[in-house]
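Okay, got some structures for you below.
What follows is a pair of complexes built around chain A, which joins chain B in one and chain C in the other.
Let's look at the complex of A and B:
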């Protein structure tokens, strides 16, 4: 029964979506927007209905059968609706519709033709994915085997952070669908100019905020859930979310030039199209299963091919429109060396460089294995080695650029200021390196350049002439400050964090330097959907002693072991302990990993400051 | 039972000698190796039997005084390039090391052409 209702809702949204496009071609605009909004509402209802099916555990619905179980807590039943391919696809469509809906709402006083065109493109995106969903990946498929119980949700996904991580990422990725629609309609409507840049920038920033939070949540989840003590693994799926993020940052900065001087249009359009293309590409990478990654819990190779087809179709059409409509007359050689504009150009150059590094690191091994049948691995070593020097230059440009003037070469007037900021950051870096007695050159350079950005940004924040000026640059200053702090925290973290791996029996001690870890006791308990083996460890370091109680859970549906870590957070460092059953028969012998992770809190907070910068642009009126 | 006993002896003896330098070296090396039976995990991050065996092997080799490079080479011969997260520079990987540098040079050339200095 519920299958029929669900399918009807999907079909209704598909039908209304088709009629929207039909009305557009017929140039019948009187009911055009209403039809579109109806199709959006049907999309929302189909997703809400899917959630309802999960809540009541109707196992005749295939998505519910495959990903839910009656013993699961309610909250994870709900999360199950987007913790699988079909459901997440429906959420994907729902968010495309939501952005279109929001655009209709916030664009009441726009030029009608531009608005209709944007809605048309947005609607077509909804339609393509609805067709795919209905025929190839339908969550409301009927399960004929009379199921009494579902198969359960991957326990590693049963985590509050993972409840909200995918939706945030989706809101980020899919926000760029609206940017694509805006670009295409701007191009066709011949209104792709600085006014366009101004109105589109808001939407870019909204998507960027979601994407940033999504990536941050994923990182926090990896840190707390995977039990490997790290927050970023350069895993292909993490990279897939980083790629559109990097491009969206480039897009925000190129929009600044476009908004200011009505140039750079061709490039901006290309960036916008690529950002959405990469968002889709990210979805494809995750869904296709061609990746060897911790994330490959939601994949299906055949459907991956269909998604690839859709991506190629979308990119092909967008590029066709772009090629025919982007013959802008732009003055050549118009950018002054060492003007603010040129620093923004440098920003784009470096961001594209970072993007290329991430892309080749992710894709090259796949290509090589397909072409030459040779398997290589690209890991953190590659990214860290090749990114570090460029990130340092990038930090310098990032601190210096905003001090410059638009159009004019203002470097000489600011020379002394730049030198003094440089000196202050060198002194700060030397002081820290003296007290931490670490003299690695990468470490010191990392400190100097991140301090340079931090000091330059703080200087700008407090030297603004008036309140208007302060508000105007607040969002930029916050985001830049956050980025400087982020690189600083990452540098400190990577040079000071310590790791100890050992096997231990109950009542035994592990001693190393000034560290003493005692396995005091263990306990076995039962919960509704898992059995738990919990432990108590006493940790003694040079100045303090405390207990940590990591545990191992054995989930019953599906059967899987997970390691629940235990952390003591302090401002400076995290004490992090994870345990696992060792492969040895004796149950009481436990493999333990103990980490002292520095400045993890700094990493989270600085990322939040970056997000805060974006939010302040949306909420503070200039 | 014999196996358990053997491992216990290993652990106790390793605790007794507590060669922390070797322990941290094992971590450093195993971070640069891929766990072949896992999904995108390093040997260091993994608790699989395979990873434990490799860690034990690295430790043994280090105790025998072998150099890092010898250990990497041994594992490479045995399991192929796939195991090395520390991507080596050779004919098939030179591309990923050179491309970023080529890109930045072309990009700079392009920008320099388009800007005014006066």
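Let's look at the complex of A and C:
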């Protein structure tokens, strides 16, 4: 019964979506927007209905059968609706529709023709994915085997963060679908100019905020839930979300030039198209089973090929429109070499370089395994060594660029200022290096350059001449400040964090330098859907003494072991303990991984400041 | 020649040089940091033993694990060739006899391997992707 309702909702959405495009071709605009909104609403209802099926555990619905279980807590039944390929696809479509829906209501400043075109493109995106969903990946498929119980949700995914991490990422990725539609209709409508840039920028920033939060949540999830002991591993899955993020930052900065001087248009259009293409590519990479990760749902090559086909189709059409419509006559500008414009150009060049580095590291192993049938992996050291020097220069440009003037060469007038900021940051870096007694050159350079950006940004914040000026640059200053703090925290973290791995028996002691860890006791308890093996460890370092109590859960549906970590937070560092248990050999022998992670709090907070910068752009009126 | 053309040539040359330096830098970093994966069969076919860190993977042979003095010995097999591994680190939760595993470390000979890390990332079928691929290659792959 519920299969039929679900399927009809999806079909209704598909039909209304088809009629929207039909009305557009017939140039019948009187009911055009209403039809589109109806299609969006059917889409929302089909997703809400899927959640309902999960809540009531209707195992005749295939997505529920494969990913749910009656013993699962209610909140994970709900989260389970997007914790699988079919459901997440439906969520994906819903968000495309949601952006189109929001655009209809918040686009008063655009003229009607432009609006209709944008809705048309957005609607076509919904339609393509709906067709895919209905025929190849339908969550409402009927389970004929008379199921009484579902197969359960991967225990690693049973975490409160799963409720919000994927939706945030999706809101980020898919936000760029609207940017794509805006660019394409701007190109066709011949209104791709500085006014367009001004009106579209807020949509870019909204998507960017969601994407940033999504990546941050993923990082927090890996640290606290997966027990990986760190915040970033250059895992291909993480890279897949970082690639569109880098491009979206480039896009925001190139929009600034376009808004200011009505130039740089082809480049901006290309960036916008590529950002959405990379978002799709990232989703495809992660979901298709090419990579090995907890994010992988679909292992069906037919689906993977179909999604790849859709991506190629979208990119092909976008590029075709771009090639035919982007022959802008850009007026010759005699921009001085060291003007603000050129610093923004440098920003874009560096971001593209970062992107290339990440793409090569991510895609090279995939290509090699497809072409040469050889499996390799690229270690994190590749990214760290190669990115570090460029990030340092990037930080300097980020601090210096905003001090420059638009159009004019103002470098000489600001020379003394730049030198004094440089001196202050050198002194700060040397003080910290002295007190931390660490003299590695990369470490000191990292400190100097991140302080340079921080000091320059704080100087700008407090030297603004008036209220207007302060508000105008607040969001930029916050985001730049956050980025400086982020690199500072990452530098400190990577040079001071320690890791200890050891095997231990109950009542045993592990001693290393001034660290002493005692495994005091353990006990076994039962919960609804898992058995818990919990432990108590006593940790003694220099002057502190405290207990940590990590545990291992054995989920019964499906059967799987997960490690629950235990952390003691202090302002400066986290004491982090994760245990592993292997049923081999001595039954009580526990594998323990103990970390002292520095400035993790700093990493989270500085990322939040970056997000805050974006938010302030949306909510503070200039 | 006008100054404008001169300027362009200079900019062009600088960009070419920068490009070359960056790509040299990039690819040498890439080469140094790639870790190759081999199945036991591929290891036995190697002409020369690699002198850097590699990964091997296959199924953990049943009843092959033994522990002595917090040191583990076990056998990785692809049902064609076998490699015996010594490992003194922590066994991850998902490391179970009769299931797939990937070990990072150094080859001592074609038959012995010293592991420094066991990779614990699996899909739902407890099968690392590299292992599934290599088993498929020699035709010993069975999906559960």
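Here are a few things to note about the model shown:
In the analysis below, the second predicted complex is superposed on the first by the 606 of 622 C-alpha atoms of A that agree within 3 Å, B and C clash if a C-alpha of one lies under 4 Å from a C-alpha of the other, contacts with A are read in each partner's own complex, and residues count from 1 in each chain.
One rule holds in what follows: a residue touches a chain if its C-beta (ideal position, glycine included) is under 8 Å from a C-beta of that chain, and two chains touch if they have at least 3 such contacts.
What you are looking at is a predicted structure, and each value in this text was computed from that prediction instead of being measured.
Considered on the superposed chain A, chain B and chain C are sterically incompatible, since they clash. In the superposition on chain A, A:512 contacts chain B only, with no contact to chain C.
Judged by the touch definition given at the top, the superposed model places A:336 against chain B, while chain C stays out of reach. Legend: residue contacts after superposition of the two complexes on their common chain; A:154 is shown touching chain C, with no touch to chain B. In the superposition on chain A, A:591 makes contact with both chain B and chain C.
In the superposed model, A:191 makes contact with neither chain B nor chain C.
In the superposition on chain A, A:501 makes contact with both chain B and chain C. In the superposition on chain A, contact is made by A:386 with both chain B and chain C. In the superposed model, A:2 lies in contact with neither chain B nor chain C.
Of the two partners chain B and chain C, more chain A residues are in touch with B.
Of the two partner chains, chain C is the only one touched by A:373; chain B is not. Within chain A, the residues touched by chain B in the first complex and by chain C in the second are 291-294, 296, 353, 356-357, 360-361, 364, 374-379, 381-382, 386, 501-503, 580-586, 589, 591.
The part of chain B that touches chain A in the complex is made up of residues 3-4, 7-8, 11, 15, 18, 20, 23-24, 26-27, 31-32, 34, 39-42, 44-45, 47, 49, 52, 55, 80-87, 92-93, 95-97, 99-100, 103-104, 107-108, 111, 114-117.
Across the interface of their complex, chain B is touched by residues 226, 228, 230, 233, 235-236, 291-296, 332-337, 342, 345-346, 349, 352-353, 356-357, 360-361, 364, 368, 372, 374-382, 386, 390, 499-503, 510-513, 580-586, 589, 591 of chain A.
Note for the complex: chain A touches chain C at residues 154, 289, 291-294, 296, 299, 353, 356-357, 360-361, 364-365, 369, 373-379, 381-382, 385-386, 501-503, 552, 558, 561-563, 580-586, 589, 591-593.
Interface residues of chain C, counted against chain A in their complex, comprise 22, 25-26, 29-30, 32-37, 55, 65-67, 70, 72, 89-97, 121-124, 128-130, 133-134, 137.
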